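Shared between the two complexes below is chain A, which pairs with chain B and chain C, respectively.
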Partner chain A sequence: MDNQTISPRQFMFLVIFFTIGSSILIVPGPVTEQAKQDSWMSILLSILIGVAIIILYNKIGELSAGKTFIEAFNDVFGNWVGRLFSSFYLVFVYILAALVLRNIGDFMTSQIMPATPLQFTHILFFVVVLGGTFLGIEVIGRSSEIFMPWMILLLLFLFLFSSPQISMDNFKPILGDGVSPMLSASKVMISSPILEMVALLMIFPYVKELKQTKKGWIIGSVIGGSVLLGITSLCILVLGSDLTIMNTYPTYRIGEKISVAGFLEGLEIFIAIIWMMTIFFKLIVLYYASTVGFAQFLSLDDYRPLVLPLGMGTIILSIISYPDVAYFESFVGEIWFSYALSIGFILPLILLAGLLIKKKIKQKGA
Partner chain B sequence: MKPSGNDSSPSTSASRPLLLDLNESLQLIETTMGESSDLVVRHMQIGKTPCAALYIDGLVDKETIQNFLLEALMLEMPSKRVSTKHLYQIIKETSLPIGELKEVDTYEKFFKHLLSGETLLMLDKVDKALAASTRGWQDRGVQEATSESVIRGPKEAFTETLRTNTSLLRRKIKSPELRMDSMSIGKRTQTDVVVSYLDGIADEQVVQEVHRRLEQIDVDSILDSGYLEEYIQDGQYSPFPTIYYSEKPDAIAAGILEGRVAILTDGTPNVLLVPALFVNFFQSSEDYYQRADIGTLIRILRLACFNIALFMPSLYIAFTTFHQEMIPSSLLISLAAQREGVPFPAFVEAMIMELTFEILREAGVRLPKPVGSAVSIVGALVLGQSAVQAGLVSPAMVIVVALTAISSFVLPSYNIAIPVRMLRFTFMILAATFGLYGIILGLIGMVLHLCSLRSFGVPYMSPLAPFVPKDQKDVLVRFPRWGLFSRPTSTSKQNETRTNPTSKES
Partner chain C sequence: MVKRKCFKRIIPIILVMVSLLMLTGCWNSRELDELGIAVATGIDKNEEGEFIIIVQVINPSEIATDAPTTRPPVSSYTITGKSMFEAFRKLTTKSPRKIYFSQMRLVVIGERLAEEGLMPALDFLYRDHEFRTSFYIALAKGESVEKMLSVITPYEKIPANKIMNSIKASEEAWASSKGTTIDKVLSALRSPGENPVIGGIELIGADYPLGDNKMNVEHVDAPTKVELDHLAAFKEDRLAGWLTEDQSRGLNFATGDVKSTILQIPCKEKGTIGIEIIRTKAGMTGKTNGTSPPKLEISVETEANIGEVACDMDLSNPDTIDYLNKETEKEIKKLIESAVTVAKEDFESDIFGAGNVFHRDEPRYWKKVEKDWNKHFKEMDCEIKVQADIRRKGNTTQPIDKKG
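And then the complex of A and B:
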């Protein structure tokens, strides 16, 4: 497809952005709703399970030897059956891209710019995404390196300046409702972003140095998961579990609570910037994955002609996909996990089985 | 001269070999030159052979012609009594006490040498001519740099004469590996261009790429290195410069020592340096002459100023228009009080002031010095103070514009201030329509664009993206001299060692 490659470090940064992006908006609320003050434990648990899932993805990436997820399916199961499976995958990635776009649009129109129509918010954001997708994975990887230091600074800023508001009592009682709500709450983060990372298998072949890449994926998701852990803990510690559940965007409320020396106030904009940066990278990775995927699905030489038409579709899909935030929250809580599990876990398992069998056959033949 | 449709083809008689007969030859030359008044033809006779010396008045050093050419030929030659047959050979080998002597056999070469200030000697019945280097013309000499002033460090600047410029570089780098590949570009102007680099340090591929791009230029004239820049730059439609230029020999020499390639053009003091990375435009040669700590702090200050110059007006617009709740309340009250009587929205107010400033700046550059001070008085007092008093703009807006303007002058390279000036307006429009959301998306778009650029094959944002840990010693932070142990990997892949760490006093 493209001769462009990215370095393992860039891939790791993309994984970090992917993990944080949009989950930082949707994870703290629903997790806390189920696990209350123990939500940090659920997230810790999800990170551990996530590492296991990523080891599975790494195995697939290694076995498919320089092929993307879609190419590997066609390779293992042949043109027709392979395309049947990969069409499920493509639809998943494409819908996910639209949902992520809607996440940022919902947030912007409800919290920051209430007077701006949703459509224009989406179009402006997506124009930049389209431009980045057009420029290719190399440019995406490089810009992740430019933005990473800024994101670290902003996060440090957030943690440092909200620390005076922390009250450790908010963590108590630990496991007051028993273990089971904590366990079931971990589903939220496993479905988003851990299982969504199956989309990264589309860019996995473009990364140089396999061993470093595999390591980078695991480290990146642990770092990203830790940021989510830190943010969720911060929400509970500063706001308490009740306020965290009540707010649609609890992290944003933390920013409003920051007050340094009576002058540095209203720093919620820093949080908005973190969100925009991370969501941008998540969205561009997803969109790149879906355009490249569609191009490979249709056996095209270049994905670029698809960038604009598919993008128009994404914008429309993002607006018609759900009516309001409340609908979306129940969708994420009830349906998304099983959908993500079927595409992000069962489908890769099928591919892994196919790859292993093919490898066995090859070894016997040789 | 006949008018020709295709301007790139030189006059047709030029590529012919020289004629045997002197008179015919001279006639041809005079017709080609159109009997120009500055062409001097000195007829003379050596023994029995008629000959002629030709030069262009004003391009030659008349004393050299007098002392070493005419005297040798007219006073000393007759006493040697050489035969007519070997006259040409004898003159060429023994009689001309001039350093640089070349033989030409076509009119094309003949005119090239003649018009670059050499004296051409022609003999009857010989189809060759001798070109003696007698160049000497008025130039302004090596003076202090006008557009890049420094407090500490060499103050000399390049001049308009190519030879002076190459000598300035040679004087700094006394290495036999310093290469000066020369070529001439421009069908009409025949401008001399020299590509200079250190063999064994500069990246071979970059050197070849520079040669390739220069050789494919087909144009009638090159009057400044800016002409070349537009032909050979990457990212033709990008506002960001991908070629660095400087008029300071020390800055160019430092670039060459880092493995970069300099392009010197005759007739201009601005020397190009490639590959140029984004970070290079934030580095001044003075960073290396001052001590390392202040060098580092000043670089960080420059980065901050770059951001202020680019984002300050748009942030002001975004905050006052869309995000008032994010301004601390006491500041918000004072801002609101100032804006009370202002009839325009913040965007229009900012646009007016920014445009006014751009007009003032442009006027200040063009006007002669005595009038320049009048403009600054009008700008500062009339526009600044009176506009506020008249209630047209708020005082805060004047502060924002002034800070923006001063910040853009902090950038050491004029080149990088230009995209800042242009993109500032784009960001203002984005801020006026989408607030901070627009600014951040614009920023992301700008970074994506910057990351897609390359300068002669080197990624423009390196060593930041792709991140090269080893090269961070000279990007935002400037390590002490002994810590700059290797050349930047982005420009020099071979011969990296620069200094031995033991050479520092412990």
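And then the complex of A and C:
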């Protein structure tokens, strides 16, 4: 498509942002709802499983040899069957982009700007994403380097200033309800963000130095996962598992509770900044993946003509994708895991099998 | 080519213009001079079962200037409504400005509402985005919330600040009350192994007709005052009863919320010695040991100083200090025991959070009793271990009348 490339470090930063973005809103509540005070263990487990899944992705990226997920499908399965498979993938990434946009929109309207219509928040936020996508992956990679220090700073700030309110007793009893709720709760984080990372296979070929990239993907997701682990633990330790479950945005409540020496108070907006930053990068990666993917699906030379029209579609989809928050909660809880599993795990497995067989045939032919 | 260049220059200009339109501010921007800043809110129910909301807003011109006028520093608005939300919105019919709640310091709850159940009030306060969770909740004892929130207080211009500061100061120096925030109350309510307590406030001199007038603070000793009272125990979200001062302190000792307080210890013969508690550490553990009833162990470690001596004792003798340590331990034990007894027998409400302790320490046992914990709480045994260490005795080595 383009001749743009990004460095492995930039890729790693994108992975970190991708892992944290929107999951930081979605993960702590539902995981804690199932696993109670053991949710940190569920997340730890998810990170481990995540590493295994990323090794699979890495293998696909390596075998595709410079081709994106969609190109690889077309290459292996031919024009028609390949396109059938890749259409499933495209729909997944496109819907995911709309859902992520809706996440930040819902948050803004329920916590910060209640009277601003959802559409406006979405349009304003998405215009920037469109601009970034238009400029290409190099710009996206570089801006991730610019924003990373800020996110680290804000996270440190959050952990440091809420630590006086930590009560270790909130972790007890450890495994009081047995192991099974803890195990099943790990599904939440495996489906979002781990299996969603299949979208990154659209960027993978644009990263220089294969070996470093593979390492960067694993390290990045472990770092991002650890941030989620830290945030969820913080929620439990500060609020207790009961209040973590009850709050739509538990981390935001922690921000409200920060009080340093009686004058540094009401810093919840700092947390909103972390969210907006990470969600911005997740969204831009997803949107880039879906436009580039769509262009390759249609065998276009350039994806840029698609940026604006597809973007309008995303905004509309984000508004109509679900009618209310309760619907979304049950959708994420009951359906998303199977959907993410079929696209983020089974589809890559099919591709991997195809790639391996093709390699074998080639070796025999040669 | 020239045309293209022109175009390239125009695009950024258009973008800047569009951004200017978009970035001027929030959709529903509200300027400071259009807002009434609420510092305290009172919530109660009237006889018809409607919610009464009393909102205390500051008069900025009064607080900020060096030349005060005759207007009071705060005004209050009262409104009734079928629900909390309705009442809050109906406020706009009385107040000239839209009320802004993010800076609120205090919520005062009336006794009638407390008897009927806090849940509807708390739900709204926790759900609505404009309320921060850092405000204190207090319970109005004996008098209507409306009256409490219309008293003009001496020394602090804003009554809500006065109450909040009193709560903080007494929490640190006397420990008969406790600052309760909404999330503390909610997490106690939601967990089956704990019931909430809320600090009370009381109105002194309610008969004085000018308590809500600036006249009130023109006296050296203001006739009408708002004072802190002790803790109120809840069962679920309903008021179960009031603890006495000693019981409140006992509860605070057990939960580790005592920062500092004073204990009166009898001397060997006559008179008393005042012991200043300067540091305490408390912990609770639950044990079942297969035996029923379960046993709650409360252990308190405390460090103290001698603060006041009103008898003849040889303070240089280590035995005396030993004796005082023992007596202090006995006294603290007595306080905690009285709190445990009243919680178990009178209120039948687990205000200690003992259920949570069992949930933590004996999860298997807890599973069995979780459903009817209140019943098991009544039968629970309690063992109290106190260790007191008196370290220093202030500026004087002996009682001042001791000839030595």
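Some observations on this one:
FYI, the second predicted complex is superposed on the first by the 366 of 366 C-alpha atoms of A that agree within 3 Å, B and C clash if a C-alpha of one lies under 4 Å from a C-alpha of the other, contacts with A are read in each partner's own complex, and residues count from 1 in each chain.
Simple rule for what comes next: a contact is a pair of C-beta atoms (placed from the backbone, for glycine too) under 8 Å apart; a residue touches a chain by one contact, two chains touch by 3 or more.
Computed from a predicted model, the values in this text were never measured in an experiment.
More chain A residues lie in contact with B than with the other chain of the pair chain B and chain C.
In the overlay built on the shared chain, the residue A:Leu124 is in contact with chain B and with chain C.
In the superposed model, A:Arg253 makes contact with chain C only, not with chain B. When the shared chain is aligned, chain C comes close enough to touch A:Gln111, but chain B does not. Contacts of A:Pro164 after superposition: neither chain B nor chain C is touched. When the two complexes are overlaid on their common chain A, residue A:Glu265 makes contact with chain B and with chain C alike. Of the two partner chains placed by the overlay, neither chain B nor chain C lies in contact with A:Gly66.
By the document's definition of touching, neither partner reaches A:Pro305: not chain B, not chain C.
Shared-chain residue A:Met277: touches chain B; no touch with chain C.
Of the two partner chains placed by the overlay, neither chain B nor chain C lies in contact with A:Gly78.
Shared contact residues on chain A (touching chain B in one structure, chain C in the other): 112-113, 116, 120, 124, 265-266. Residues of chain A touching chain B in their complex: 7, 9-10, 108, 112-113, 116, 120-121, 124-125, 128, 131-132, 135-136, 139-147, 263-266, 268-269, 272-273, 276-277, 280. Across the complex, chain C is touched by residues 110-117, 120, 124, 169, 172-173, 176-177, 239-240, 242-243, 246, 253, 256-257, 259, 265-266 of chain A. Chain B contributes residues 322-323, 325-329, 434-438, 440-441, 444-445, 447-452, 459, 461, 464-467 to its touches with chain A in the complex.
Partner chain A is touched in their complex by these residues of chain C: 22, 26-28, 102, 129, 132-134, 183, 186-187, 190-191, 359-361, 363, 366.
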